[in-house]
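In the two complexes below, subunit A is the common chain; its partner is subunit B in one and subunit C in the other.
Let's turn to the complex of A and B:
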C-alpha cells in the first residue's frame, strides 16, 4: 500500500532533483546573460566523463569522500572551459539577435559531443555508486535507494544555499541588480563584463559538478548531452524565465506529475512531463514566478 | 533585400531554380546511387529549411518542433498507404500535407493565443517531444524499431502509369514535387500574404494597429510551413522505405534552424545554401569519429560570429563593399 502511494512520489522527487541540479547553472546563465545555453548539456557530459576517468585512475575504492572531491574537481575543470567559452563566444554574442546565440550554443553542444567521442569513444560506460550510498531504506513494502535520498537531499540543500546567497548576501544582491538592469549596474561602478565572466564560470562549474554528482545514476554515452536539455529548458521556462525558485518548484511539480501520470497511463511513459509543461505555459505564460530575476 | 522588391527578383529566382533543377536532373547520369540518394534527401531538407524560414524570416516565429511535422507527414503517409493501398500517391501526399497543416492549426490556435517568442519555441519543443514519445511507443507505428516496409507506389497520370519503384524514378518524383513546393513557398512569400507576414515580423504591434489580424496570419504561416514540411515528410517515407522516431527528435528540429541561419535569413535561397553547405560538411567528415561534430560545430560557430547575416548575408555585404555601396538591409539584420 505504502509502495503504491509513495514510490512514484520518491521517483518523481528524485528525477526532479536530477533535473534541478542540471538546470541550476542553466538558470543562472539565462537569468543574467539571457543566453539559452544548449551547450550546458555538453559540458554536463564532459564533467561526467572527467569524473569517470578520475575515478578510474585514482579512486577505485568507491569512497564517498573521493566521489565528492572528484565531482568538485570536474566542476572546476568545466568552469575553466566556461572561461574560454565566455571570452571566445558569449562576449561577442552580447550584441546579436537571440536566435543567433541559440545557434552558437547549439554549435558548442556539437563540439562538446564531438570532443567526447574523440577522447572517450562511443562505447557505453557506467560507474558504481559509492559504497556508503549504495544501500536502500525499507519501510514496510516501500524501498527507497539511499542514493535517491542523497540526491533529493542534495537538491534541496543546493536550492536553499543558492536562495540564501541570492537573497541574503551582498554578492546575491549584486547579482540580482546586474540581472535586472546591467546598464544601471555599470553606471554604479560594477564591472559588468567581468561579472558576466564569473557568472558563466559558475554556471559551467555547476554543470560539471552536476555531471560528477549524477554520474553513478547515468549510463555514460555521447547521447548524455541531449538527455536533460529539453526537460531543463522546460522547467526553466515554466519556472518563469530564469529564477532559481521558479526552476525548483517547476522541477518538482512537473516531475512528480509525470511520475504519477506514468503509472496511470503506462503506454507512453514520460509524456506527462510535456503535457503538464504545455498546460502550465498556457495557463500562466509568464511562468510560475513572474517578473523575478534569479 | 529580396523581399522588399517583390516582382523584380522573379526573373533571377526563376533562373536559379531552373539551374538547380537542371543540375538535379543530370545528377543520376554523373553520379552513383549513393550520390543520388544524398541529393534526393538534400532536396527534401531544402524544403524543410525553406518552409521553416517562412515562419522565422517572414513572420518572426521560432518553431522548435518543425521535425515533428515532418514525422507526422511521413507516418501519416506510411500508415494510410498500408491500411488502404491503391490510393493515388498524389492524393496521399495532399492528405499528409493537410493533416500536418491541421495539426499545426490546432496547436497554433492554442499556442499562439498569448505566447510568441521564446514561449512559442519552448511550446513547440514540448510538442515535438510529445510526438517523439508517441511515435516511440505506439505499436501500430512500429515503436522504436520504426515503420518498416514502406513501398514506393505507382503513379497513375491519366493515360500513362509510372512505377516509382524502378530505377531513379522516385528521385525524379522527389525533385519535381520539391520544385512545386519551393515554387509555392516562393509565391506565398512574395505575394500579398507574404508582405503581411513580413509586416508582422518587422513590427507586430504596428501591423495590428493597421487592422491586420496578426493572430490569424501567424497561425496561417505556422500551418502553411508545417503542412509543406509534412508533404516533404510524406515524400521521404517511401524514399528511405523506413521511418524511425528519430525523425521527430528535437535535434532534427534544429536542422532547419541551422540551415536558415547558416545560409542567411533575409534571402529566399538562404536555407537552401545552408542545407547544401551542411550536407557537404557532413559528407566530408562522415568517416572521422567525433571530428565530424567538431568540424561542423566550429564552422557554424565561425559563421555565427563572423557573418551574423549567414553566408548569403556575408556575401551580399562583401559584394556591397566591393561596389563601395554597402546595402543597408544587410546591416540592419545584424543589429535587429
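Let's turn to the complex of A and C:
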C-alpha cells in the first residue's frame, strides 16, 4: 500500500530534480541575458562525457568522493567553454535580433554533437552509481534507491542555495537588477558585459555539473543532448520564463503529475507531462511566477 | 555548284554511313554496359540510430568491395550510393525518392520498421525495389506487403518464436513470464510473437502450462524507468522479456540495479540489443542475459563468407565484435548480386522475378527468399552474456543457432498475421 501511494511520488520528485538540475543553468542564462540557449543540452552532454572519461582514466566509479569531485571538474571545464562561447557567440549577437542568437545556439548544439561523436564515437556507454549510493532504503514494500534520495536532496539544496543567493545576498540583488534593467545597471556603474560573462560561465558550469552528477542515471550517447531538452524548456516556460523559483515549482508539479499519470494510465506513459503543461499554460499563460526575473 | 545527286551517289553515301555505323558499334561498347551497377543503401547515418547505420554501411561496403575484386556482376562493378534516413519515416521516403530520381532503382538497408513501412507503398510507382536488411515488423510481409519489397533478414515473428523455443528448452522451471516493452509497433510485434512462441513451445517441451503476465509498457526513449521497474519488482513472474532495447535497455538496467532487478528474475532475454548492453555496461552486464542477433560471427567459424566478412570488418575498423547489422547489409548486397546475375540486368521487374524464390549463401549459411511473401528463411542467432573480470568487463557465455523449422508463419501477403497460439 505504501509503495502504491508513495513510489510515484518519489519517482516523480527524482525526475523533477533531474529536470531542475538540468534546467537551472538554462533558466539563469535566459533570466538575465534573455538568450534561449539551445546548446544547453549539448554542454550538459559534454559535461557527462568528460566526467565519464575522467572517471575511467583517474578514478574508480565506486568512489563517491571521486564522483562528486569529477562532476565539479566537468562543470569547471564546461564553464570555461562557456567563456569562449560568450566571447565569440553571445557578445557579438547581443544587439541583433533574437532570432540570430537562437540560430547561433542551435549551431552550437550541432557542433557539440559533432565534437562528441568525433572524440568519443557513437557507441553507448554507461556508468553505475558510486557504491555508497547504490543501495536502497526499504520501508515496508516501499523501495527508494539511495541515488534517488541523493539527487532529490541535491536538487532541493541547489534550489535553496539559488534562492538564498538571489534573495538575500548582494550578488543576488545585483543579478536581479541587471536582469530587470541592464541599461540602468550600467548607468549605476555595474560592468554589465563582464557580469554577463560570469552568468554564462556559471550557466555552462551548471550544465556540465548536472551532466556529471546525472551520469549514473543515463546512458551516454551523442543523443544525450536532446534527452531532457523538451522537459527543460517545458518547466522554463511553465515556471514563468527565466524564474528559478518558477522552474523549481514547475519541475515538481509536472514531473509528479506525470509519474502518477503513468501509473494510473499505463497505456499512455509519459503523456501527462504534456497534458499538465498544456493545462497550466491555459490556466496561467504568464507562467506560475509571472513578472519576476530570476 | 550543282545540287543534283545521282542515285548512284546517294546509294554510295548510304552504304558508307551504314558501314561506319556497323563498325562503330563493334568498336564503341553500348553506354549502359560500362556503367557500374548502382545499389542504394538507405540507413540511419545520423541521429539516434547512427551507431547501427554505421554497421550497415560497413557491411555493405565490404560486400561491394569483395564482389568488385572478384570481377563484379555481369562484368560490371557495383557502386554503393548512400542516403541517410535518420531512422525517420519522412526522411526515409525522401531518401528512396531521391535515389529513384537519380536512377538508382535497387535499394536496400533500412533499420527502422517505421521507415520500411513508409517507403513500401512508394516503390511501385517509382519502379524501385527495396531489400530490407534489418526492419523486423511482421506487417512488411503481411498486411503492408508490397511486391517490390523483400526481406533478407529474419523477422519479428520467427526470431521471437525462436527465442521462446530457446527459453522453453533451457529454462523449464521458469513458467511465468512478464515483459517491459517500448510502446512502438515493433515492441508490440516482438512481444506478441514471443508470447505466441511461449504458448506453443513451453507446454510442448515441458508438459505443463506457461503463464504470461501482462507486460509493462514504457514510453519509447524514456529517460526514467523507475515506475516500470517497481512494477516489475512487484510481479510474481520469474522470467523477464526486456523488449526495450539498445540504449534504452542500458538505461533501464542501469536504473534497475538499485532495486536488484536482475537478481529477482531467473531468466532474462532481450529481442535484439546484440552487443550494445554488454559493451555499455561492462562488468555490470546482467548475468545470463540472452540477446537476439541478426548474425553472430562466432557461430559460423569455418564458413568462408562468415570468416572473410569478419576478417575484412576487423581489418577495416579494428572492432572485434561486429554487430549483426554488418552481416545483414552484406547479405542484402549478395542477394542483389545473385539476382542481377540471374536476371541478366538491373531491370526492376526482372530483378523482382529473380529475387523471388532465390536461394543463396550468406554469412550465416543458405537463405531462401519465399516467392509468396518475399521473406527470407534463415538461421536465427542468440548470444548469452555475463560480467567478467577482464578489461572489457563482459564475456559471451554461450550462443545458439536456431534453425527456422516451423518457426516462420505460412506466407499470407496482404493479410494480417494470424497468431496460432496467441489469442490475446
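The working rule: the second predicted complex is superposed on the first by the 293 of 294 C-alpha atoms of A that agree within 3 Å, B and C clash if a C-alpha of one lies under 4 Å from a C-alpha of the other, contacts with A are read in each partner's own complex, and residues count from 1 in each chain.
Here is the rule we go by: a contact is a pair of C-beta atoms (placed from the backbone, for glycine too) under 8 Å apart; a residue touches a chain by one contact, two chains touch by 3 or more.
What you see is a predicted model, and the numbers here were worked out from it, not measured in a lab.
Overlay on subunit A: subunit B and subunit C clash in the combined arrangement.
In the superposition on chain A, contact is made by A:270 with both subunit B and subunit C. With both structures placed on the common chain, the touch criterion links A:139 to neither subunit B nor subunit C. In the overlay built on the shared chain, the residue A:2 is in contact with neither subunit B nor subunit C. In the superposition on chain A, A:234 contacts subunit B only, with no contact to subunit C. Legend: residue contacts after superposition of the two complexes on their common chain; A:122 is shown touching both subunit B and subunit C.
Contacts of A:218 after superposition on the shared chain: subunit C is touched, whereas subunit B is not. When the two complexes are overlaid on their common chain A, residue A:184 makes contact with neither subunit B nor subunit C.
In the superposition on chain A, A:89 contacts subunit B only, with no contact to subunit C. Put simply, of the subunit B stretches 223-231, 241-249 or 277-285, the part that bumps into subunit C is 241-249.
Comparing which residues of subunit A touch subunit B with which touch subunit C, the overlap comprises 117, 122, 267, 269-270.
Within the complex, the subunit B residues that touch subunit A are 56, 62, 110-111, 113-115, 118-119, 122-123, 125-127, 129-130, 133-134, 136-138, 250-251, 254, 257-258, 261, 289-298, 300-301, 304-305, 308, 334, 336.
Subunit C makes touch with subunit A in their complex at residues 47-48, 50-51, 54, 183, 216-219, 222-224, 226-228, 230, 233-234, 246-248, 250-251, 254-255, 257-259, 276, 279-281, 284. Subunit A contributes residues 36, 89, 92-93, 96-100, 102-104, 106-111, 113-119, 121-122, 226, 230, 233-234, 237, 241, 267-271, 274-275, 277-278, 281-282, 285 to its touches with subunit B in the complex. Contact residues on subunit A toward subunit C in their complex (touch as defined above): 3, 7-8, 11, 14-15, 18, 117, 122-126, 128-129, 134-136, 141, 143, 145-148, 216-223, 227-228, 259, 262-263, 266-267, 269-270.
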